[in-house]
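Each of the two complexes below includes chain A, the first together with chain B, the second together with chain C.
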Partner chain A sequence: MSGYAEGLLVLLSINVIVAYAAFLPLAAGQLNLGVAGFMAIGAYAAAFLSNTLGWPVFATVGCAALASGAAGLVVGYPVLRARGIYLVLATLAFGELVRSGLLNLDFVGGAAGYPVSGYAGYQAVAGVALGVVAFVAWLYHTRLGLNMMAVRDDEVAAEQFGVKVRNVKAAAFAIGALLAGIAGALYGHHFSYIEAQHFNVVQSVYIAMYVLLGGVQTVAGPLLGALFFTLIPELFRVGDTWRFVIFAVVLILTMVWRPEGLVDRDLLQRLRPGRAR
Partner chain B sequence: MSRALLEVRRLVKRFGGLTVIDDVSFSIPTGQRTALIGPNGAGKTMLFNLLTGVYPPSSGAIFLDDVNLTRVPAVQRVGCGLARTFQNIRLVGHLTALENVLLGQQHRSGGVAGALQAVLFGSNNRWAKEAREGLRAASLHTYADTLVRHLPFGVRKQVELVRAMMARPKLLLLDEPAAGLNPAETGELKRQLEAIAAGGVTVLVIEHDMAFVGEYCDAVIVLNFGRKIATGTPGEVRRLPEVREAYLGTEATVGAD
Partner chain C sequence: MLAQQLVNGLLLGSIYTLVGVAFTMTIGVLNFLNFSIPAIFMLGGMLSWALIVLAGLPWLGAVALGLAAGGIASLIVERFTYRWLKTTHPDVPLISSVAFLVLFEHLVILHLGAHIQRFPVPFGDANIRAAGLIISIPQLCALGIAIGLVLVLDQVLRRTQLGRCLRAIAESPDTARLLGVDTNRIVPALFGISGMFTALGGILFATNYLQVSPFIGNEVALKGVAAMIIGGMGNIWGAVLGGLMIGIAESLSIHFVGGAAAETVIFAALLLFLCIRPTGLFGDRAVRAQRV
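Coming up: the complex of A and B.
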């Protein structure tokens, strides 16, 4: 595999994982614009454990996931009391808080960035991404998945049938944060260097767009959104300086054409052979 | 028909200076089919919302099977034996009929272990089987895998009824089940409601269709401006002048000569 293809595969894998990190809260109706913040927590936790304690990569990634997942739970419970635009602002503020906090923490490099000693090859990163897709697909089949969809659609009706709305939202938010931590840890271990500035609001917005473009109704949606966002700018490399303009136009047209995202349940039902509709 | 299953004592709901439920008391014996009637804005749906905990009452008390529900959180009331349908159908449109029905089992599904059990998209465990069986009993099995948003209005209403029954309630609250149905669908609804009542479930139904009320219900409670103005059998209630005036006025003038 060429260096370019490897690099692209790693980027794609990480984007797929963070897409699901944003997807899970969105599936329960919560827009998290702080995903990059949870990525940063994972990246720095893994790097610190690797650099100072010499832990193997699988252990640092596991701990990074737990750290960002725990942060998601701690932040999520109070923050999820806020609704709509206020929740979005709170998560955005959280992401910025993490970024600016890390920027001032000298023991992890501060503004100079932080080299990461343990290395994760492209095979490992892609393997974990596949595992995450399988995990989310399974989760979406469970009653928790059903509850998430019910909460997104109508909280009051869901509660009348015994859905613990707040717990469902917090679980979706925390599991999403855990996935973001995995993505951040893998990013650091592959590129061997992290800096707080990388995990900024623009990242978080992009990540949310993967999901909104791909669609929040199905597990296939975020996957397609991440593919689209990773590969389309590459395809437009020919007109280098214009590629993001072309990309933005494609994005706007897509949202006009399919406001619910590229993939929705209707589409999947139609693709399923031999099913009563 | 024996002791009271539902007992509502001096229930009041105020929003600021507006009293929407005003000192309402009644009780419903186990197995009785009761209609809740009254003009638009009389507080019928509000009364349902107080019973199921969407809003807390300003004062008064609600007992279901001798359990005081008044301070029980909404999310736990379905577990106490209360299930409902909604006036404006509230199913999840981008889920199939079967998936919506699965939601009715929620309170019986059991904690975290239950939450992590696969139930959707072709799962075939006891939950999915039970939900399919529920749809079959209502002759809706052909719609099981159709997204609800593509179903006709009447079918959606029936799916909502199946979902409510999946909760295995003691008291079923139906908010205008016959509204908007064609005669064939109303016939099917009656058949289903007969089966539900035969199964020992007590029913409280908000309904404007007086023919339906007369045929299906044993008792009627009349609300007007948030107050209970009459109770009795459908026949008795129909003859009361205050009920005619508040609710059946136009019909009464037509029949007066």
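Coming up: the complex of A and C.
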């Protein structure tokens, strides 16, 4: 594989993992604009374990996932008391709090950034991304997945039918945070260097944008969104600034035309072979 | 020295106030978090700069056009986010408004460059020195304009037909429509006003700091949001006080703990506020936000 293709594959894999990190809370109706904050927790936890204790990559990634998942649970319960706009802003504040906090933590490099000694090759990163897709596809068809969909469609009705709305939201949020931690840890281990400024609110916002572009009703949606976002410069042969212009225009028009995203349940139903309509 | 920090904070806060008021208006009336506001803030400053420096327009004319551009940009946002998306999941218009933020910012970078530009002002170095304090006149004017405009807005909301319609929509958009409020005219008016407010904030920012860049919106966006939350979403006077408090908190914490830690303090306070007292310090009194 050429270096170019490898780089693209790694970028795509990481974007896919964080897409599902944002997708899980969204599938339960919660917009998390702090995904980059959870990525940062994972990236720094993994880097710290790798640098100071010399743990192997898979162990640091696992611990990083647990750390960010636990952070998601701890933050999720109080934050998920807030709804709608309040929740969006609380997650946004959390993400920025993590970023600016890490910027001031000198034992992990502070503003100078933090080199990572362990290394994860592109095969490992892509493999984990595949695993995450499979995991989310499985999760979506479990009882928890169904409950998440019910909460997003109608919270009050779900509560009436005995769904523990708060637990479902917290679980979706925490599992999402865990995935974000994995993505952050892999990012750090592949590029061998992390800095707090990378995990900023703009990052979180782009993640949420391409997930909503792809659609939050199905597991295929975030995958498509991440693919599109990663491949725009390749597809249109454009520079980085145009990439964002095209992405923004496509998103604005798509939301008018298909507010539930490019792939929704209805579309999948229609595409299914052998089903009479 | 402390008094000087307080003065600086108040003057800094007047910019946050304008942004906070713009945020709080669309939240209070439509329950819609309009993330395109930072981009319109930036458009106001950058377009005024381009018209003065690149097009050679007179200062006042350029500033007036910058304001108008802010209003028009905000009307475009209204069409694509609120009007065509109001029946969708609430996250959809929000993310669409973020897309406008990205779009405007990158269009400006493409056409005007990503550099920091010197913003010309028609007056020279103007500072008042009184009782050992240095007070910059443009900043003082900014504070005066911000508070004056909010006073006007307050009266508009209380006394005029437009204000009554806006308050009716804030109570319930459907009922307002049933009772004959033409929401398709009132809502664009709201966006136009909030767009011009925001653009004015950007122009005042540029005049105060004598510089603009395509990224000035991002610098004030979160502070404006914080001003809105601390003041209570939907409460315009709350946003004014919140903005001034954020300004003071920022200049004090920069003075005592340094700039990087100041950010952490503000975000921590914001998160605590949202978890413990989401209605802000003053609740929502001026224009009532409807809640789920």
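Convention: the second predicted complex is superposed on the first by the 267 of 277 C-alpha atoms of A that agree within 3 Å, B and C clash if a C-alpha of one lies under 4 Å from a C-alpha of the other, contacts with A are read in each partner's own complex, and residues count from 1 in each chain.
The definition used in the following text is that a residue touches a chain if its C-beta (ideal position, glycine included) is under 8 Å from a C-beta of that chain, and two chains touch if they have at least 3 such contacts.
Only a predicted model underlies this, so the values are computations on that prediction, with no experimental measurement involved.
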{"item": "Which of chain B and chain C A:Gln160 touches, first, second, both or neither", "value": "first"}
{"item": "Touched partner set for A:Val245, first chain B, second chain C, both or neither", "value": "second"}
{"item": "Contacts of A:Ser2 with chain B and chain C, given as first, second, both or neither", "value": "neither"}
{"item": "First (chain B), second (chain C), both or neither touched by A:Gly84", "value": "second"}
{"item": "Of chain B and chain C, the chain that contacts the larger number of chain A residues", "value": "C"}
{"item": "First, second, both or neither for A:Gln217, with chain B first and chain C second", "value": "first"}
{"item": "Set of chain A residues, in rising order, touched by both chain B and chain C", "value": "none"}
{"item": "Partner chain C, residues of chain A touching it in the complex", "value": "26, 29, 31, 78-79, 81-86, 88-90, 92-94, 96-97, 100-101, 103-104, 111, 152, 201-202, 205, 208-209, 212, 241-242, 244-245, 247-249, 251-252, 255-256, 259-260"}
{"item": "Complex contacts: residues of chain B adjacent to chain A", "value": "52, 54, 74-79, 83-84, 86, 90, 92-95, 99, 102-104, 106-107, 109, 114-121, 123, 127, 142-147, 150, 163, 167"}
{"item": "Complex interface listing, chain A residues touching chain B", "value": "138, 140-147, 149-150, 153-154, 156-165, 217, 264-266, 269, 275-277"}
{"item": "Chain C residues touching chain A - in the complex, by the definition given at the top", "value": "27, 31, 33, 80, 84-85, 88-96, 98-100, 102-103, 105-107, 109-110, 218, 222, 225, 229, 233, 260-261, 263-264, 267-268, 270-271, 274-275, 278, 291-292"}
